[in-house]
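Sharing a structure, written as structure tokens. Questions coming.
A, B and C are the chain letters, set down in written order, and residue numbers restart from 1 in every chain.
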Amino acid sequence: MKLFLLSTLTLCAALSACSTVQRNAATAPTLSDMNAVSPALAHYTEDVVIGELWKRPDLSSRDRSVVTLSVLIALNQTVELPYHLNLALDNGVKPGEISEIITHLAFYSGWANATSAVGITKAVFEKRGITADQIPPAVGDRLPIDEAAEARRANGVQQNFGRIAAGVAQFSTDVLFRDLWLRPGLTPRDRSLVTVSALVATGQIAQIGYHLNRAMDNGLTRAQASEAMTQLAFYAGWPKVFSALPVVKEVLEKRAG
Amino acid sequence: MKLFLLSTLTLCAALSACSTVQRNAATAPTLSDMNAVSPALAHYTEDVVIGELWKRPDLSSRDRSVVTLSVLIALNQTVELPYHLNLALDNGVKPGEISEIITHLAFYSGWANATSAVGITKAVFEKRGITADQIPPAVGDRLPIDEAAEARRANGVQQNFGRIAAGVAQFSTDVLFRDLWLRPGLTPRDRSLVTVSALVATGQIAQIGYHLNRAMDNGLTRAQASEAMTQLAFYAGWPKVFSALPVVKEVLEKRAG
Amino acid sequence: MKLFLLSTLTLCAALSACSTVQRNAATAPTLSDMNAVSPALAHYTEDVVIGELWKRPDLSSRDRSVVTLSVLIALNQTVELPYHLNLALDNGVKPGEISEIITHLAFYSGWANATSAVGITKAVFEKRGITADQIPPAVGDRLPIDEAAEARRANGVQQNFGRIAAGVAQFSTDVLFRDLWLRPGLTPRDRSLVTVSALVATGQIAQIGYHLNRAMDNGLTRAQASEAMTQLAFYAGWPKVFSALPVVKEVLEKRAG
């Protein structure tokens, strides 16, 4: 189900539940709306974004949905969110993973972006009959931690900013790196993909080096990193990606050497 | 019709269609709303923004509307969009140009900002009786391309990022610079003004040098570039403009030399 | 009243006016909504944000509300705004101060963010019976100006950008530094806290040095500056704060020396 804008319309001819789904996403324009305002945008959406971008190899449609959701949540682009939540679920992103992506982005793009996404996601989950047992609990088992790598990270932060920003350093260790990142509902590789996508979308160039390296340590391949940039060009915009590419290049070249 | 916030109210005394126009823009505050919360903001809006900024020479009210629409779309500031779409049309921005601005900003500020603008623009177009024949078609004639300049651009991107971001490089050439920028519904000078405005609004300093030079190659004058920064100070905020000014200065001084 | 999400629910059992307050903030998720989508986010909100962050010493809950409102307005995060406007009033931020914060952020984060906040704030003010006599007038007395410091600032801007951005330089002097900053409805220290919060939230690193120094000249202490970064980490997101910390460190170390 890659034909995303079209697919909603097509599905709605077949599913009785669609009138409410459509109403919930009322502000998201259909292709017909797009054609009324910009036939060119409808054309690029159908022929380039749906017809080419989402079908490119090197990054699965599931991963493209992870990247796209991360951009929409990090930029608070709520109009498209119901559509892309449904597409993500169709593309194999699990409800529990969406739940974790939202929580992860509370920390990596600001609390109110996450709470804004909660209301919209709740409506989508309800429409699809997604229930509490599909969502990871608040507390429970944690993934094992790489103590050596975490010590290096924590010491670096402590040395640089421990005196002038003790609170930030403390929460970084206690809540982010010793808890959030170890939650098993989303793999570290996916958390990294979410993080890098949000960093590009919000223009946080200075943080990309650390997190892209971490992403690749966590299993993101060079081809996937490269192709994530293509997806981000369309959803975060060309300038954001061109501003990120020098850092991406530096990371990839250093790791190749 | 420069008195924009006031003008809506004034117009509405005279036009029967206004009740629906007003309803559509229901969330946009009136001067009366502003006075209830911040008489100072109402005062600055009337006396400084309407009374001075929009009347300054060196940039026409039509161009100021192009800059302002670009900021609102690039930052997804939907509350003010209906008002400024109407003002832009009153200031001489053609419906087809608005259509092209939205499509252009899909690429230069992220797809969901454009689709968000589509729904709002459709309602404004309908209220004003703007029909499909006033909107550029998806495909058709293209402006001639400067092959030498495009070869320099494409080679630069290929050398820098061709290996690590092949997809971005390919779509940049095929879709942006050999198609989007050549669409005749918006002049290259206006596309550049839209692009530079979006870059300042989204803080993409590293991309301003190339695009401001391109804007001036495309016919934007020094006085217009300078005055666009004044308009952007109010609509994108002072800090975004002060962060952009060192690059603007460098570009203007190099071209003067 | 620090238990903010919970407090709304609790209050609503006691106050008959709450049904309308709740309806106005309908899109803001409750803890129950959060638990349906992400029990982890609800847990972090209750136990870390409410349970720890807002109770930390070194920054009052009143100042935390100033920082948080500034982020929400500067990023146009309207869903959370009604809740945090009410919390800010409960925490001792005066209606007139909220009025001035909105106007200040028109200049420091773009006009449409302020007008967007006006509509939401008007509804909150009405529900709480806040009337016009509690709001500062558009014109009136101004605080005394430090002519020497203002001359240094104005000369610096004039030398750097006077020729290439005369309009920006002129409005900076006439409207911002000789009028807005001198409005008595918000102390210069609070205006600085609002400004620095907005700069971090919008990633305007290059402007933080000047404004953090100004904030401390205006009375913000080192401990408050440091703890504001902790508050910003949660509300603007970790990456924005980590991108700001090198400048914060430089400012604090220079002033210590």
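Keep this in mind: a contact is a pair of C-beta atoms (placed from the backbone, for glycine too) under 8 Å apart; a residue touches a chain by one contact, two chains touch by 3 or more.
Here the structure is a predicted model, which means the values were calculated and not measured.
*Asks:* Draw the chains as dots and join the ones that touch; what shape do you get: line, ring, star, complete or other?
*Replies:* Drawn as a graph, the chains make a fully connected set, so complete.
*Asks:* Do chain B and chain C face each other with the same patch, meaning over half of the contact numbers show up on both, or with different patches?
*Replies:* Both copies, chain B as well as chain C, present different residues to each other, with under half of the numbers appearing on both sides.
*Asks:* Could you please state the distance in Å, as a whole number, between where the Cα atoms of chain B are centred and where those of chain C are centred?
*Replies:* From the centre of chain B to the centre of chain C is 27 Å.
*Asks:* Quick check: what residues of chain A touch more than one other chain, meaning two or more?
*Replies:* 76, 203
*Asks:* Chain C touches which residues of chain B in the complex?
*Replies:* Per the stated touch rule, the residues are 27-29, 33-34, 36-45, 48-49, 53, 56, 71-72, 75-77, 79-80, 201, 203, 226-227, 229-230, 233-243, 245-246, 248-249, 252-253.
*Asks:* Where on chain B does chain A make contact in their complex?
*Replies:* Those residues of chain B that touch chain A are 76, 99-100, 102-103, 106-116, 118-119, 121-122, 125, 132, 135-139, 160-161, 164-168, 171-172, 175-176, 180, 183, 185, 198-199, 202-204, 206-207.
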